[in-house]
Amino acid sequence: MKRPATRTFGILTSGGDCPGLNAAIRGVTKAAYWRYGMSIIGISHGYRGLIEGDARLLHPRDFDGILTRGGTILGTSREKPFKPDPGEKDSEAGSRKVEAIIENYHKLHLDCLVVLGGNGTHKTAYLLQQAGLNVIGLPKTIDNDIWGTDVTFGFHSAVDIATEAIDRLHSTAHAHNRVMVIEVMGHKAGWLALYAGIAGGGDIILIPEIPYDLAHIVHHLQTRQQRGKEFSIVVVAEGALSREESLMSKEERKKRRKKNRFPTKGYEVAHLIQEATGMETRVTVLGYLQRGGTPSPYDRLLATRFGTAAAELLYRGDYGKMVALRDGEVVAIPLGEVAEKLKTVPPDHPLIDTARAVGTCFGDGV
Amino acid sequence: MKRPATRTFGILTSGGDCPGLNAAIRGVTKAAYWRYGMSIIGISHGYRGLIEGDARLLHPRDFDGILTRGGTILGTSREKPFKPDPGEKDSEAGSRKVEAIIENYHKLHLDCLVVLGGNGTHKTAYLLQQAGLNVIGLPKTIDNDIWGTDVTFGFHSAVDIATEAIDRLHSTAHAHNRVMVIEVMGHKAGWLALYAGIAGGGDIILIPEIPYDLAHIVHHLQTRQQRGKEFSIVVVAEGALSREESLMSKEERKKRRKKNRFPTKGYEVAHLIQEATGMETRVTVLGYLQRGGTPSPYDRLLATRFGTAAAELLYRGDYGKMVALRDGEVVAIPLGEVAEKLKTVPPDHPLIDTARAVGTCFGDGV
Amino acid sequence: MKRPATRTFGILTSGGDCPGLNAAIRGVTKAAYWRYGMSIIGISHGYRGLIEGDARLLHPRDFDGILTRGGTILGTSREKPFKPDPGEKDSEAGSRKVEAIIENYHKLHLDCLVVLGGNGTHKTAYLLQQAGLNVIGLPKTIDNDIWGTDVTFGFHSAVDIATEAIDRLHSTAHAHNRVMVIEVMGHKAGWLALYAGIAGGGDIILIPEIPYDLAHIVHHLQTRQQRGKEFSIVVVAEGALSREESLMSKEERKKRRKKNRFPTKGYEVAHLIQEATGMETRVTVLGYLQRGGTPSPYDRLLATRFGTAAAELLYRGDYGKMVALRDGEVVAIPLGEVAEKLKTVPPDHPLIDTARAVGTCFGDGV
Amino acid sequence: MKRPATRTFGILTSGGDCPGLNAAIRGVTKAAYWRYGMSIIGISHGYRGLIEGDARLLHPRDFDGILTRGGTILGTSREKPFKPDPGEKDSEAGSRKVEAIIENYHKLHLDCLVVLGGNGTHKTAYLLQQAGLNVIGLPKTIDNDIWGTDVTFGFHSAVDIATEAIDRLHSTAHAHNRVMVIEVMGHKAGWLALYAGIAGGGDIILIPEIPYDLAHIVHHLQTRQQRGKEFSIVVVAEGALSREESLMSKEERKKRRKKNRFPTKGYEVAHLIQEATGMETRVTVLGYLQRGGTPSPYDRLLATRFGTAAAELLYRGDYGKMVALRDGEVVAIPLGEVAEKLKTVPPDHPLIDTARAVGTCFGDGV
């Protein structure tokens, strides 16, 4: 393999942190340095670091031992450079930030910018590409909702954590004859609730893609009771919607929520179940625990695979792409195809039928 | 060893479930059956089962494979037979329940009742003993707040779970430069927060026994920032009190809390920190996750030890006692010494100085 | 959905146990009973139970709580009914056993036999099908070497366990500046070594499919040393072969092994490395630890999916098939296509290039 | 608190690595630096680093994030400076090394040397103290065999790992109706086998302190079989001895072992059981897995406690001591009391009776 004239790339992580970021960083940088002889510029705290010029030359030894570590050694932020800051009238600040990014990109003599992030990150990546920069994206998120890839790294680690939590609640539910409601992440996509719900043996799974009726939930719990199962586990995605809510506009939903006192969806579901059935019901919100800790072996493998594939794209100068997994193969898809889309659970996804077959209820009366 | 005329004992688990209950049940029953030839009556769902006569003869094979399981195969409840039900004017119901217990105790031909539980359970046990029953208690609780024993089973499993949660939050805190507040159980005793806080490397630990001032917390966070530590972990016992609150009556505190909108103490602390420091602050409430799952090896050992010691008390007819660990040895202490007391963290406990020595702040300005 | 005239199926687990067997049993039986109204006959200890008529009618409640449990509640054995017992001259015993199986199949009024197992199990299943029985297979094995499916359940749990072990060895290797050799399962297929090797950051991975030269291994270790890495992790599949061995006949290899004193391949590799490099080298054989314990969420999902798919095949009367995963979808493939084949790691598998890209050596000088 | 004139201490880790070393290092250094204003010299790879002068000034920030990490950031070695190297006629090399240590101790202007290690380390520490150096010791070892302290850090982490391994073997044992032998560390002391054996529900536990007879083991396994328990778990300390062996001299034992082909004690026990009972028996040697990985919360607490106590000894100039835990309190005991002693399991240790009470056999016919 003939080596190209030495290239330099910047690398940053953006959006919520998730397991596997460091493994992916390691994959990109090890392959890019040792295999292709490139130079690595590490950018701190996502796009914010690129705006502020917070960047430095790195050596593979800076990535020693990070394969197993949670978080991101580069730091991250939720900075969205194309979005005006709250309170600003127009996009002036936005353009100022984008200009700073472009300026720093050139000052740092980057041939390409490698970004690791979720939907927001890739939207920005696409806009930067249109603004003339070379960009390569890697799909990370515990939500698994990035369009174009079968799976994102971080997702399976979160599934592991949520499943372990459900396992723990099982013993408490059983000991006390209780309904235990567990709320997991997923505003618009129910992947995490679906996977962890099946893996944890959840009796009811509520996801944003399948609106639920309380009546069906109640019926399912009572049928279980009649069969001698005095406890139940209910797995709720934070963005789950009742049929009623699903017919409302976003504004109406917001208003309704303000009126109710439930901090989150899990609390609401727990309250309604207890009221309707008289069963003792408790709620657990998993929250930030889903993001942290060492990545699972699956995610280390996937992140390493994505990372080395990104290095190859760098080498080939094949910019403007996001690496993705499709049918077991790593491919590269144009950023333009990814931006502004969301991968939600299709109602006919085979896992939904799998779950129903073992007796799980989605609150929709099927 | 000469075997006594066969004895029969009832066994029940009462109060919140916690890891190690099954291990303790196994310890009592295996030793009582095989070593001492006793008969075992399993009572369902705590004192409620004894009131309702929900009990059956068990064989050691019913306890196969339970050493590692969370929860309790006997089921539990928070039934307090001596307490009138809400709405009842006097203790009529209470006496009715107690009478039912005494009646069933004799109907089942019990020589002794073995109860596994926390403070409430042992208070009831003491009252039953005074009412003429033979009772032996085993101290379980994740709070470690039972007077008379150095440690309860369930505690170290909860410490493990809470510490693992703190470990996970560390990576998120670090990646985002955030203050992560984690609320753990402990209404009146801060053992769990103290142990998990030190084991997890918490920067600030707030426990009921040491009233905190926000000013000291803020100062500590800012000092860390000046030393380049942009993130911090704050471990809060659910019953932590500010100095102000610590001077209030229980009623005043309740009123104050109603006025504020914070669902729990962790939320309040997080809100105040963010407001006072401007640092991005997030809260995680560990909740029921602390109760569930397989007991840690430490708790399996301790529960087995307590269980076999209880069997020996049964054999010797040494009733009216709770088994306990003191300076590494299992001893038996009179129920009367345990009831109505609470073991909280003494302000001069050596672990508090240990924590301070590695830089942990308790919010008290020391 | 119209229910068929009630069907009855037998279910057995055969071959080495692995995580996910119980989850798959639960999937088949729950779906078959509740969705399709079938009757379930549980057969003990694999084909041996069918030979001996060790079987009984089961109810879904017999499968309560088994989703998370390792092992198999049905028990297993390595009985191969078509193979004569050692010492027998011809296949008389074989035919006797097969006749007993056929007889018991009819005595139990089975409409189909569901077998959960690996390559040997499916070979037998195919022969039984040819002998006139209806059979459906589910692919389990930690080796992932069953032809026709992208992945088997049990594999990812074993990857998790092996990776965790490698993580542990890392700290010891680092503290002592040692070469740590870890031997994992895989006689003919190197999937487990490959996956765990990458996920654990192994520096050298030796698998049966890529013959190794000691010289390349030594060179790689010394290069690492020159870069300041004083320790290394070597992941060895138990069936790894040196280039020399790969050119020998099976008999020659056996003879050679007898002459050497190494209990297993890992010991040999460790010895040769220490001798050739002078580096302190230690070996760990993971052994049975790879089979046990609770299945990973991934395997619970996959096993549940395979189980419910098998129930659907039962319902449709679509016999003579093994359920399989291909490109993310569950399909059914004829037993005849599976039997006698083995799925090994193709030398051009993308993960091998991924591993090389992050600096892993396969001992082949590439 | 009045600060002393700034002191400087060197710190090293020696002997086999174990979980909690980094936590203890962090405890000493954080407390010594922030609380007492001392200077820290980190010495690489145990006493070898002190011989070679491999040392450097450290700052608390060098210890950031190490609380949870396995291994030791200082590196370790098994260097015993007072022992002549193999092949040397007299102790010339020994004295040369000791002289180098003394020379470097003064060159580095150390006021004290803090050593973290096991029995060998503390023996050396005592000799160095007698040679005029100030030394403070911290007891680490997974074997828990250091005289003078109730427990060492590293021990409970190893118990956790070994127990988890036993849990895994349980499912395999059960699925196959097998006897599973697991060998854990412990040449002279059986603490680890005893603790993990009870916590894991081992049916037979063999430790060096209680010589075993095969006949009793066989009897116990057969009794279990008669009660319908077709599988058993046998936990063997690597230094377990049969009654016959216990009566031999060390030389005789060595000779006998050479004659037999068993690589380790676990293999021998497994072989003899299978031969004597006809039960299928398998062996697992846990090996280096017991040393690695993140320390358990218990060990992090204990190591932190020992570390900060050592810092206080440094501050008080209270040299020549090892920190220790006695009846829950941290104390300091003279090195001279510790050296040359070994803490083994007393035959009347209460845990042995606990184990017997739940049906565990120690192979001694009690």
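As written, the chain order gives the labels A, B, C and D, with residue 1 at the start of each chain.
Definition applied: a residue touches a chain if its C-beta (ideal position, glycine included) is under 8 Å from a C-beta of that chain, and two chains touch if they have at least 3 such contacts.
Composition by chain, UniProt nomenclature: A, B, C, D = ATP-dependent 6-phosphofructokinase.
None of these values were measured; they are calculated from a predicted model.
How short can a chain-to-chain path be from subunit A to subunit D, counted in steps between touching chains?
Contact-graph shortest path, subunit A to subunit D, evaluates to 2.
Name the chain whose C-alpha centroid is farthest from the C-alpha centroid of subunit D.
Result for max centroid distance from subunit D is chain A.
Roughly how far is subunit B from subunit C, going centre to centre by Cα mean, in whole Å?
Each chain's C-alpha centroid was found; their separation is 43 Å.
Between subunit C and subunit D, what distance separates the C-alpha centroids? Give it in angstrom.
Comparing mean C-alpha positions, subunit D is 36 Å from subunit C.
Measuring centre to centre with CA averages, how many angstrom lie between subunit A and subunit C?
31
Check each residue of subunit C and list the ones that touch at least two other chains.
Only 167, 170 qualify.
Report the topology of the inter-chain touch graph, choosing from line, ring, star, complete and other.
If you draw each chain as a dot and join those that touch, you get a single closed ring.
Judged by the touch rule stated earlier, which pairs of chains are there in contact?
Chain-chain contacts present: A-B, A-C, B-D, C-D.
Across the complex, what residues on subunit B touch subunit A?
Where subunit B meets subunit A, its residues are 13, 16-17, 21, 45, 69-72, 75-77, 161, 164-165, 167-172, 174-177, 180, 263, 282, 284-285, 287-289, 291-293.
Report the residues of subunit C in contact with subunit A in the complex, numbered from low to high.
For this pair, the touching residues of subunit C are 26-27, 30-31, 34-35, 61, 67-68, 150, 156, 159-160, 163, 167, 170, 195-196, 198-201, 228, 294, 296-298, 300-301, 304-305, 307-309, 311-312, 327-330, 350-351, 353-354, 357-359.
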